[in-house]
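In structure tokens below, several structures.
Note that subunit A is present in both complexes that follow, paired respectively with subunit B and with subunit C.
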Partner chain A sequence: MPTTTSSSASSSSSVSCNNRQADVFSRLASSDPEVKLKALREVKNQIIGNRTKKLSFLKLGAIPAIASVLADADDSDKCNNILVQSAAAIGSFACGFEAGVQAVLDAGVFPHLLRLLTNPDEKVVDAGARSLRMIFQSNQAPKYDFLQEKNMEFLFSLLNSENENVSGLGASIIAHACGTSVEQRVLCEAGVLEKLVILLDGSLSQREACLESLATVLKNNPEAVSDFVGLESGRYFNSVTELTKDRYPRTRLLSCLCLVVIYNTSPSYFINMGTKSSLITTLLELLNDPGQSGDDAALGLSCLIAEKEDLQQLAYEADAIKNIVDILRTGSELQPRRLQGLFLSLAELCSKLEDCRCSFLSLQVLDLLTNALRHKDADVRAAACICFRNAARSVKSLSAGRFNSDHVMLPLVQLLHDPSSSVQVAVLGALSNIVLDFSSPKSSFIEYGGIKQLIELSKSMDPNARCSALRALRNLMFLADNKRKELFCSDVKAQGFACLISDPEPPVQEQALALLRNLVDGCISSIEFVFDEDGLILDTVGRQLRKAPQAQMAIQGMYVLTNVASGTELHKEAVMQQLFPQAKAGSENFMLKFLQSDESQLRSATVWTIINLISPSSPGAFDRHVKLRNAGIIPQLKNMVNDACLDVKIRIRTVLGQSMSFGDNY
Partner chain B sequence: MSLFRIFINQLEEDDEDMATSKKMITREEWEKKLNAVKLRKEDMNTLVMNFLVTEGYVEAAEKFQRESGTKPEIDLATITDRMAVKKAVQNGNVEDAIEKVNDLNPEILDTNPELFFHLQQQRLIELIRQGKTEEALEFAQEELAPRGEENQAFLEELEKTVALLVFDDASTCPVKELLDLSHRLKTASEVNAAILTSQSHEKDPKLPSLLKMLIWAQNQLDEKAVYPHIIDLSTGKLEDPSE
Partner chain C sequence: MPVRVVESNTPAQVSGTDPGNRSPLPPSSLLGAGQAFSGTQNVSNQQKEEAWRVNVQIQGIDLEHGYLCGTMEALNVPMADTPVITFWEGEIVDGKNYTFYTGKWEATREDDMRHWSKFPSFSPLQGQVETDGGRQLDLNNYPYIFMRWKEQYFVNVGTDCGLTIAGFYYVCFSCSDGSISGFYYDPNSSPFQKLELKTVNEGRSGFSFSSYELQ
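Here is the complex of A and B:
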């Protein structure tokens, strides 16, 4: 564009533009209806389609000005034009423009728009209904209390209207304001499903409004789904399925999303494999739609295949991975919502199926993923991390060292500092898997100072972050050499670690104990860590075990004791101290409880501890055996010779064998 | 088009040795077969009405309704409004067209960013065509530049349009087709389609699809037979196979 001439032109144009804009306000306030009307039309025609103009008029206070014009106009015939134009202008401000919706609601124009719905002039009704529909499509729509009888009556009067804008408004209110299962039930009991399905045979906008509202009413509500499917012996259910082949993409999308809701709520209605397949292929096709339908399709697909291995398999066979990667690779910039949906879909595809993971990684996708890690939208970053996490479940790819390059590791490590906590938790999940890479002795994660950052995050206020950080550390310390363990132990004080073991959240305790188990595993010198500061950590473990913990936590705790008991005589005695503390002489020993647990792993871990405590090669074994026998533990084991779990059974035989060597008979 | 289905089926049933030779059909035989096909008058009337309505010929549609009793599929009053918009664009009065569309249904331009951009682009082209260079630049900066910022594709089209200003002689400009009157028709057609969609009406008439089917079916049949073709669609005249 030419420069010098345009700069003067633009400054004069913006000045004249502002003058024109300011002038329109005095005309809006004019007492002459003709002048007012003209001003309204001017504003309306400038803002429709033009987000920039909406913003600038909003800043000048246009919305309150127009709102008062609307409020002041009475219902007489001669004011109809003014009502129509002001309502249309308000509606345009609210169309797809959140700041506009907010300003419209703040201006108190809502009740005046409602008033228009009962005007005898059809055009006025249309204008009012459209504007209200725009408001209800926004996240800031006022809450609609479905539980109040007069609100329900009003809603049904809308749905019953012949005017398609009005009935569409009714459906829109349901689609966007119905949130709880109580509201769903109240609506169904009032017969809303029967009213909505009529709209399926109506105009395009009625069909679309109906599909959206159906999805809202049926979501996670098996009763509502069953009612819907039962209507006229499944006729409307079939209609929705047929609409997935409609010529309009948005209709196809909304009907697919409706079916996804039904599937996720009551999958039994989808026995036919063909329907599942065609639902997936339709969604895959819609991914290519350039507009909002494509964005919504991506999220819809991830929602559909989440946790469902059979559907993931179908999607894989329908070439989903290649299709999605191709879309990600097109040069054009995709909306954040679409990117999020695409990465989440890839993540779901890779969640359980190794074929998918290998297929995905074979497409040279690491660049795509690492770019997404740097996206400005937090949801996209988190989705990319989840994708990484699931792809890294492929042991084959881990062993091939695919994730160990600096190129991949650096952006991941940087996300540990991400301002968004959901991104932090997601990247911790990815790192937890990636650090299980044994392909090379060198870990770029550690080189980037990863351990320090994980330690920091283990002290986060967010329990999810603490738990995930500890899980990553646990994996990092799995079969780790002393050098690596030292990197952790040197930075962590016993006091801090003890706090983690007694964290208020059980999942955090569990991960802390699992980490500890890995730390004290291996050579005997590793065990010393639990004895720092007067054995604070070992004491804490003992205390937690005595508190009747959840099974998962107890398992890890017992394995800690097992590992400690594999050490020296002093170590074994220290474990005995924890099992038989002086003060609690009378109470039932927790080991007995554990041996009676339903969890076979817990029984197994407890038996292992005993094996290590009484292994005959150590001097104090005999005395420890006596103590265990007197506490009823050895007799308990005798009762368990036919334990259901093979592993437990074998270990018990070992113990009883050791027991016999001390002269104890069956 | 059952006519051709019937023929294709018949040809399959005939001679087994069809694989290598093409069947020869004389004009007499062909015309006999054509005459055997029964069509309903109502279907043809519906096709004609559909064409008139979709293309926007209101008066013709009204007269046809009176003379044939065929019911139009949408309210003819809405056609008048739509045609006014189309005509305004075709005459280069884009601002007027925009006002009319907004009166008809304010949601159309608010929910169709691509259409809105094309209308604004057409406005710019008209300003350039009228030689109002300064006004054109102001308009491009104020109205179109923000759209270009929001969308890469729009930005590229905007740059192409503004290129018209760079060339003194429009005939040497590489994007001169933007100044063609046919570009107005393209924009008008886009608006027409959007209005029809908003009224839940199909945006394309049926008649062109039928004619396309005819040409396709003839191409398919060419592989199996020699027969009289319809070459000129406007007359429907049968041309002898020997020609």
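Here is the complex of A and C:
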């Protein structure tokens, strides 16, 4: 039957394929060098550029088999071809294939490859060097101890070699193994910069290896950057700048990345606006490169413009936002690394400039972002969250309700349970901003059970998660109506909240107090929350303030007291109880300390509490004023009439004005 | 009761100040996100006297960039069935990001000076502003903040509601009591419509402050 024949033919062809593969192993182990050589060539030719074949041969144990061939071959002339082919095959396994690198290292082949570098035959040396370079492209490459003298000697012998693959290997080792500032210093002191820059005038491969290694040696090291820029009065710095216009994309990229490192380490070398613009434009063009250069360009751009408003402005003017959005919209499957870089670049563009945020959001990009939230790669999801977070710094857009829709909110809320902790952190940051919805009391975040989830996260073992969750709750409760506040207060009772305020971490305390401040603002009845369970929350606030807290926490605590003191007579008296607790009579009042703080906001918050306590419209104001005067607080304010901060000065004048109305002259 | 003033209210003239090194204005408690103000806008014209009740809320403030924004709600607007809410963005005159000269919105320098000079608190500054645009002024210690507010869009009504947001407000904010006065400028509307607002305490006996923190 034809069908039987064809199926048996296909199964027999796969069987024969497997047989051939298994046969290769027996030929690799052959004692006949010609047979061995042919088997090596066969494997090498099949795996070159073919990831599937690499995996297939790896699973069959090809690498240890080839490693044995390499180890057993001696250095005599007749074995040279075998050495070359086995090194080439090993190198091919390691090329861009992490499992291959792991298997190569596990097979113990490294020392045998090193041995090849001293072989008299140039082809053998070449093959060994190329193969080692492949290994050193990987993060799994062995650590290289630059601090050992003999290692440094060996490294310099590589850099000094006439063979471009060998000198390139030296540069690759530096590029991938130099990690600490101590190593950078040791390398620079040994003269590595002078050796590397020679490679800039060499072959393509040498130039690229040099650029990569320069970036590693110079990164975050102002002394090394200064040494490099000073070489031959800036000749090599200019060369690197010129290489950003090279015809090879990879060279353009690596020179850009080198300049990004120099800029981030010592921006003063880039006074010329034209260089900055040109660097940004080149990186933007490279974003369109379909290969690895495009992936790296995206991350490089985000590194360059991070935290730098002037460069973000330049990138914006160069139409970066539209360019990147267009790339994201092409519909073709982009590599995760590239997606991550593109979203991070957009995030950096939106980080400080309102024009950028508005421009980005005007391109109808929320669908792009929400799709990325569902990407299988955690780094892409996290980058999309960071992009959301920064775009949502636009109060104008928040006010217009741009983010308050189900199809935006639901995937974000779902990411609170993402398996990756970096995604959870990133989405908390995004939600923190997005919940600031000025447009409507109705919040889809709340409808999706967001409050309960944040309350859970506020009890996390991780203090950063607790802090972020509380910040999101704080923002959610900003100008909230009673209905919304009740959703929180009914779940977190007084006891639970007192624990949050007493958290061991000051930043957590600060956010808890800021949340409380918002809860007791607004309608006067919302102040009652601090009196639940016999005033537990208010007592806890008072206790924390008496413990000499950090300024930021104290500011929030004093604003809690300010807000409570803007209430009824009972509320004001309750605040006085916290300021002057009977049990602590005689000890220095914390308000006096706060009034003498270097933090103007703390001085201001403290004075506001006083303003509210002696507000003329309240019956007990006079008595409270007497108490404050007797405690030395009003006299302290008299000493502060010339406070350096205008706002504090103005508030003090208000207090002293009220003081005079009580008959207090000064 | 008057309070003895130790320093005069005229801002210090800092000679040799490099405008490029100006810092943003320091924060003022009553001009912060969450602060609410209430008052009136006088929309009288030759035909009739009219005033709308107005509520303003600050939603965001970025002193580094001299920017603030918020909403404005106009009540008892004859053409509208409901209060009309607009979103506005403001420029703070800090000598770093923005000066007293508008440079856009069809406002000439003469228009600028005509409006700023209607604020009593502007008179100590007027001479300097007319001379060199106020480059030498140190506004950091001046107890008034000058701004321009420009409405950007209608929040709750359509653009066909019969109302215009083509103009902008010259605004003066008093740091001491949070009162705001302003003049609406629109070449196609009645001139010098005055906005007068005071802080709102929502039935409280004192001031209360909410806050948020953008990540």
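Following the convention adopted for this analysis, the second predicted complex is superposed on the first by the 639 of 666 C-alpha atoms of A that agree within 3 Å, B and C clash if a C-alpha of one lies under 4 Å from a C-alpha of the other, contacts with A are read in each partner's own complex, and residues count from 1 in each chain.
The rule is simple: a contact is a pair of C-beta atoms (placed from the backbone, for glycine too) under 8 Å apart; a residue touches a chain by one contact, two chains touch by 3 or more.
From a predicted model like this one, the values you see are computed outputs, not experimental measurements.
Visitor: Aligned on subunit A, subunit B and subunit C: do they clash or fit?
Guide: These partners fit in the superposed model.
Visitor: Which holds for A:Ser458: it touches subunit B only (first), subunit C only (second), both, or neither?
Guide: It touches nothing on subunit B or subunit C.
Visitor: Tell me the angle subtended at the Cα centre of subunit A by the Cα centres of subunit B and subunit C, rounded to the nearest 10 °.
Guide: For this superposed arrangement the angle is about 110 degrees.
Visitor: Is A:Gly91 contacted by the first partner subunit B, the second partner subunit C, both or neither?
Guide: first
Visitor: Touching A:Gly49 in the superposition: subunit B (first), subunit C (second), both, neither?
Guide: Touch status of A:Gly49: first partner only.
Visitor: When the two structures are overlaid on chain A, which partner does A:Phe438 contact: first (subunit B), second (subunit C), both, or neither?
Guide: second
Visitor: Spot which of subunit B and subunit C makes contact with more residues of subunit A, would you?
Guide: C
Visitor: Could you grab the smallest C-alpha gap between subunit B and subunit C in the overlay, to the nearest Å?
Guide: Between subunit B and subunit C, the shortest C-alpha distance works out to 38 Å.
Visitor: By the touch definition above, which subunit A residues appear in both interfaces, subunit B in one complex and subunit C in the other?
Guide: No residue of subunit A touches both subunit B and subunit C.
Visitor: Under the touch definition given earlier, write down the residues of subunit A that touch subunit C in their complex.
Guide: 354, 389, 392-393, 395-396, 399-400, 429-430, 432-433, 436, 438-439, 468, 471, 474-475, 478-479, 514, 517-518, 520-524, 559, 562-563, 565-568, 572, 600-601, 604, 608, 611-612, 615, 617-618, 641-642, 645-647, 650-651, 653-654, 656-657, 660-661
Visitor: For a test of understanding, state which residues of subunit C touch subunit A in their complex under the given definition.
Guide: Counting only subunit C, the residues touching subunit A are 1-3, 6-7, 26-29, 33-34, 59-60, 62, 65, 67, 69, 71, 87, 89, 140-141, 143, 152-153, 155, 175-176, 201-215.
Visitor: Which stretch or stretches of subunit B touch subunit A in the complex?
Guide: It comes out as residues 98-99, 102, 106-107, 109-113, 116, 134, 137-138, 140-143, 146, 150, 152-153, 162, 165, 197-200.
Visitor: Which residues of subunit A touch subunit B in the complex?
Guide: Residue positions touching the partner: 1-2, 5-6, 9-10, 13-14, 17, 41, 44-45, 48-52, 88, 91-92, 95-96, 127, 130, 203-205, 248, 332-333.
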